[in-house]
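All chains are identified by letter, namely A, B, C, D and E, in their written order; residue positions are counted from 1 within each chain.
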Amino acid sequence: AQGPIRIGASLSLTGTYAKLGNYQNEGYKLCAKQANEHGGLLGRKIEFVVYDDQSAPSTAVRLYEKLITEDKVDAVIGPYSSPVTEASANVTEKYKKVMVTPLAATTSIFKRPPDKKRYYLFMVISPAEAYLEGLVDMAAKRGLKTIAIVNEDTLFAKAAGDGAAELANKRGMQVVFREGYPKGNQDFSAILTKIRAANPEVLAASTYFDDAIAITRQMKELNVNPKMYGITVGGDLPEFYDLLKQNAEYITGATQWETTLPYPGNREFSDAYKKEFGREPVYHSAAGYAGCVIYLEAVKRAGTLDSDKVRDVLLKLEMKTAFGDFKVDQDGFQTAHKMVTTQWQDGKKVIVWPDELANGKLRFPTPPWNQR
Amino acid sequence: MATPVLDIDRLRKRFGGVTAVDGVSLRLEAGRIYGLIGPNGSGKTTLFNCITGVERRDEGRVVFGGERVDGLRPWEIAQKGIGRTFQVIRVFPELSALENLLVVTRDRLAAARERADRLLRFVKLDGLRDEYAGNLSYGQQKLLEFVRMLMRDPTLILLDEPAAGVNRTLLNDLLEAVRQLRDRGKTILLVEHDMKVVMGLCETVFVLDHGEKIAEGAPGVIQTDERVIEAYFGR
Amino acid sequence: MSQRVALAAPVAVALALAAYPVVASGYEVRATLQIFMWIVLAGSWNLISGLTGYVSFGHVAFFGAGAYAGAILISKAGWPWLAAALVGGGAAVLLALVIGYPCLRLKGPYFAIAMLGLNEVLRALVSYFEGLTGGGNGLSLPTLDATVPIYYVMGLTAVAVTVLTYLIITSRFGLRLMTIREDEVAAEAMGIDTARHKLYAFLLSAAGPGIAGALTARDQGYIEPISVFPLATTITMIVMVLFGGKGTVWGPVLGAVVLFVAQEVVWARYPYVHPLLFGALIVAVVLLMPRGVLGILQVRYRLPRTI
Amino acid sequence: MNVVVTPAMLGQVVISGILSGALYAMVALGLALIFGVMRIINVAHGPLLMLGAYATYFLSTALGINPYLTVPVSMAMLFVVGVLLERTLVFRVVDAPELSSLLLTFGVSIALVNLAQLLFTSDLRSVEYLTGAWVVGPFALSKSRVVAFVFAGALTGLAFLFLGRTKLGKAIRATSQSREVAMVCGIDVQRIHLVTFGLAAALAAAGGALIAVIVAIQPEMGQIWTFKSFLVIVLGGAGNYPGALLGGILLGLIEQVASLFLTTQLSEVVAYVLLVAILLVRPTGLLGGRQT
Amino acid sequence: MSRELLTAYELVGGYGTIDILHGVSLNVGAGEIVTVIGPNGAGKSTAFKTIVGFLRPKSGRVVFNGEEITGMRPDLVLRRGLAYVPQGRLVFPQMTVLENLEMGAYTVTEQARIRTALARAYELFPILFERRRQKAGTLSGGEQQMLAIGRALMTAPRLILLDEPSLGLSPKFVTLIFDKLAEMRRAGYTLMLVEQNAARALALADRAYALELGRNRFEGPGTALLADPEVKRLYLGA
């Protein structure tokens, strides 16, 4: 008999992205476990070989090289974060390895000029540019005219900020303030003072979780009161409310996925996840899970691990997973998956956008801090 | 009168409120040994520091060999031919005794080595040539510093308390060496509190007090100067 | 006799390494390439900090500067990578020249923090001028697999840095650099132009990291501000030099090889505790062998400084 | 697209700068103490601050008490941690060259952070207490920052009284200038080192405790504080204690004003360029006058 | 002869693995002035540092006032009444002269004793009183030496070890210091000093030792050594 099919990945188990990288890892684990319970893949068991890249692209590059040339894994799957993917993809392309990369949301990784085109890389989640679409759309519908955008100056956050600015312009809103801040910044007083002076109706923060907390707290300290305030990553996490309590009310978050969404198999996934890891899954877990499921499905349909054959399948594949729809264009760029926007209402996370997936109405406008 | 080797004109240096050197003028001629004495804190070391550029003077001029050197960097002044020792020893502790000497010249290595060996033998440190300078005793370091200064063959030599802490027997050799240097045309200015040394060696003595020059003359004359006795010798 | 061995051994090792890519796997080549990079970095840090005692806490700045200079030339101007790497080294040297003048006048911890600051400033500037550098988005280079040729160039750079270190340490120029570490005031009063010596050492110490930065950028195909200016890289260089023995010729080489291999072979297996192990290792090196392996050998066997 | 700076904004930013500056000063004072007495740059200063923050977090949530009441307890706990660190590791490198202690404490710092990560996980925690602001005219005064300012001012004042007036404080200063002479004077130098390290850790802990009420905490929060404290003491003059106060306020102001007029990206650049400029004019920092 | 106050017996030791002392013995009786002379590098300073506890001897014993203090820490040695003035005028540069003197009395708790000690130091060195508010680091070398000696007096020690007290002092102060040393003996202090100003120090001493290469070479009454032709030739440079 043949040994197991070994799938290699480098993940951010420690370092800046440790928390999210571990969620993704759990998604992979659950996927492998379930697949093995259902007879494995091509009649073989699946086994993940995971290394820690400490959230550093340079380490990830070396680790993918190691996975492919030393460990001779049968397949690879994506790391966490856009920068790490951007660097690692060069290695997987070199060895012509298909890589489904579930947590890279930056368009520029996939949409590239012809001389830099990537053939074997596949996206799973919605692009960064779509994160703030819900916020902008809801604001525009309510006749709001001005928006301020802050973003961390990194690949993903900046793309999300750019996306928001572009959408806002399209919808006739005016971007009255836009500034990037360096990664690791903790003090937002000056930025928020400027925002208060610009007095926007909407504030969009394109950040990761830590900064989302810091910005929100400092908004209250500086008494910055926009009518709507939305966040990309972080605003949707349960910890966001745990930390900020009632100060999280009215704030919208963007997410790729929610437990409550009516996708096929979603309930089952959530239950299994809770049983396995003892807590609610977040979208990073779900995306990791779905990425793995999609890859396995493609291999199954191709009937082989051969990269070119699997690639052909993936390019044509249309699939509904617990995470939502999957379909890519010729660049491997995701086109079917939908973002949702949530809002904290009385301690509960309510989906308020898009209308077809919503389970509640947006509370609007946001009252000043001292009246919440 | 021959042109002086060193001509200091109304040099002044302040530290906050204290004027450590207060308008001192000195002229040194070639081939002579001068003494610089004065009570503790009268500004002798500071004067040395100003001459060698280690401290920046506030006012005044220093002319060495017909060229103004005040305002130059210490290494430029040293390269023009002023050598000095420090009152508080400053050898290079983690270089060997030999390396301490080799490092300061740009001569060809073989020549430098030969010269260094000779100098180390002279101060009886040849047995310790490969020892780290920092491991030498106080007096040994002092001697090492003296010969390191000689490595560059300076024309003007400033010695800050060369006798302090040096064993008397060795000191005699040292003083003899200073005389020989003088005979070879070098000019020497030394700060020293040991009157035997000053009187036995110097041809002219300057006396500082509170940063000012209060007397100048032959040792015998200085010793009987009322102001000097009052300020320096006591009683 | 032993002198011939001392010469023959490195030559044999060099020949073996030159032939290595033919038989090695992609990963092995890349890992060895990393070792070369660390030799370049550690050896260069040793040149300025090990010899003059001016502790550069931001040496990775030169690596980052070289990486960006090289990457910009490759991606925007279409330069061949080898030329871009040389210019990367040149850019780092230029940077060292510009900042060396003011910063080398600072002493002790002041210099250390100024260098640390330089690194942060460069990162901020690179992020700010996004037109040229891509800002926080980073820069992607056209796909091209050049790992093997880069392996050779990096290897040659490592050899060059080591040979340079040997030449300096055995010369009086090297001794003069050490007098700066020992007592700068005395050195000046003895006629040593310390400012110029420091600057030369500083410039020499910038070239290697600059070249290594550009080569790494080319090899990796993607750089971003955060990943080419990490403080951790500076710390790793320092620990490598300290481990091997600072102020020595082979210390940085030894440190780079041992620590990299340890990290890759041992620690990678313990993802959650390996930073902890790294911390413990630093503590152990400092406490148990402050002079480094070669430093201990030097003292114990009275070996010359030039090992 | 960006906004015009009005005097009210400037005022707001100056207030923010001074408020955070006082905190910088207090935290940096601990670093300055250790540097002064032991000639050690304690890179683990920030991680000690992080431990102080966790101490306050756990105490105030577990016991359900006002987080400000836990400040002295956190300080006492970290005093002990500081003493233990000194006794087990740091005392071994007091005589070693600068670089050894720098690296040793760096190793300790990495270990502390990762230990905290294993023990407390890297999840953010926060002490929700006294959020929001007092609004005074066009200015918003963050409540928690004002309280932190008052605490920091008082603790810094106490520290200065201790150093300037008490025998132990003077002995600490004496030891910072010459260990050998201190020993000759009968000062138990090892005990002074212990006390100094403990005291510095306690000051860091106070900072951590106050910060815990201002921002969410996590194991890696400390490094940036090491970094800033380092900046502060260099600005003020390393080993000069009043200099730390001046440097702290100055850094707070520079950062804020620069972020206001330029961008947050460039505020760091401005702070460093200014730092280097100051050092070039005054090579030993603003108030530093230590001769070699 | 008077009661033995300090006995250093057959000290062997040095720095790290290198032995400097190869069996040095020094005795001081209560009320004596003992001078130690010897060429540079003989191990005089090393012997002092070993006695007061900066260095630990490999073998040999140090007994002070009937109590064994071999290898005891310097601050504990001081508390037992043995003060030490190191070679090279060491002071606290950033503290005022007054604070320096106060630190000298660190082990003293009674304020009254500190005040008397302070008055005594100022009496001996009036310049210290004049400069009491000046930072010690800005004093000249000689002033610093006076401060260092003054500081050692602050504990009213039973025995003071002075390593080259006249180093770098102007003749006026060298004379003054030797006078004061004599005066201190009359007042009941016991002193042991290392001096390169050997002639003067021997003239003052009750007894003297000459060290060479880490061993005792000559020993006897100060005046006897002074008169010894070989001592003269070797150490006095006559």
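Some points to look at:
We take it that contacts are C-beta pairs under 8 Å (C-beta built on N, C-alpha and C of every residue); 3 or more make two chains touch, one makes a residue touch a chain.
Keep in mind it's a predicted model, so treat the numbers as computed, not measured.
Where touching is counted per the definition, the chains common to chain A and chain B are C.
With contact taken as defined at the outset, chain A and chain E are each touched by D. Comparing chain pairs A-D and D-E by the number of C-beta pairs in contact, the larger count belongs to A-D. Relative to the C-alpha centre of chain E, the farthest chain centre belongs to A. If each chain is reduced to the centroid of its CA atoms, chain B and chain D end up 47 Å from each other.
Chain C and chain D, compared by their mean Cα positions, are separated by 31 Å. Taking the mean of the C-alpha atoms as each chain's centre, chain A and chain C sit 37 Å apart.
For this pair, chain B with chain E, the centres built from the Cα atoms lie 29 Å apart.
Residue positions 117, 263, 265, 268 of chain D are each in touch with at least two other chains. Shared interface positions of chain B, i.e. residues touching 2 or more other chains, are not present. In chain A, the positions touching at least two other chains are 14, 153, 180, 182. Interchain contacts (touch definition given at top) occur between A-C, A-D, B-C, B-E, C-D, D-E. Against chain D, the residues of chain C that register as touching in their complex are 49, 55, 102-103, 105-110, 112-114, 116-118, 120-121, 124-125, 127-128, 185, 235, 238-239, 242, 246, 272-273, 275-276, 278-283, 285-287, 290. Here chain B touches chain C in the complex through residues 52-54, 73-76, 78-79, 83-84, 86, 90-95, 99, 102-104, 106, 109, 148-149, 152, going by the rule given at the top.
Contacts from chain C toward chain A in the complex involve residues 25-28, 30-31, 34, 123-124, 127, 135-138, 140, 142-143, 145, 216, 220-222, 224, 226-227, 230, 268, 271-272, 274-275. Residue ranges on chain C touching chain B, taken from their complex, read 172, 175-176, 178-179, 181-183, 185-195. Listing the residues of chain E that touch chain B in their complex gives 15, 18, 38-42, 45, 87-88, 138-143, 145-146, 164, 167-176, 196-199, 233-238.
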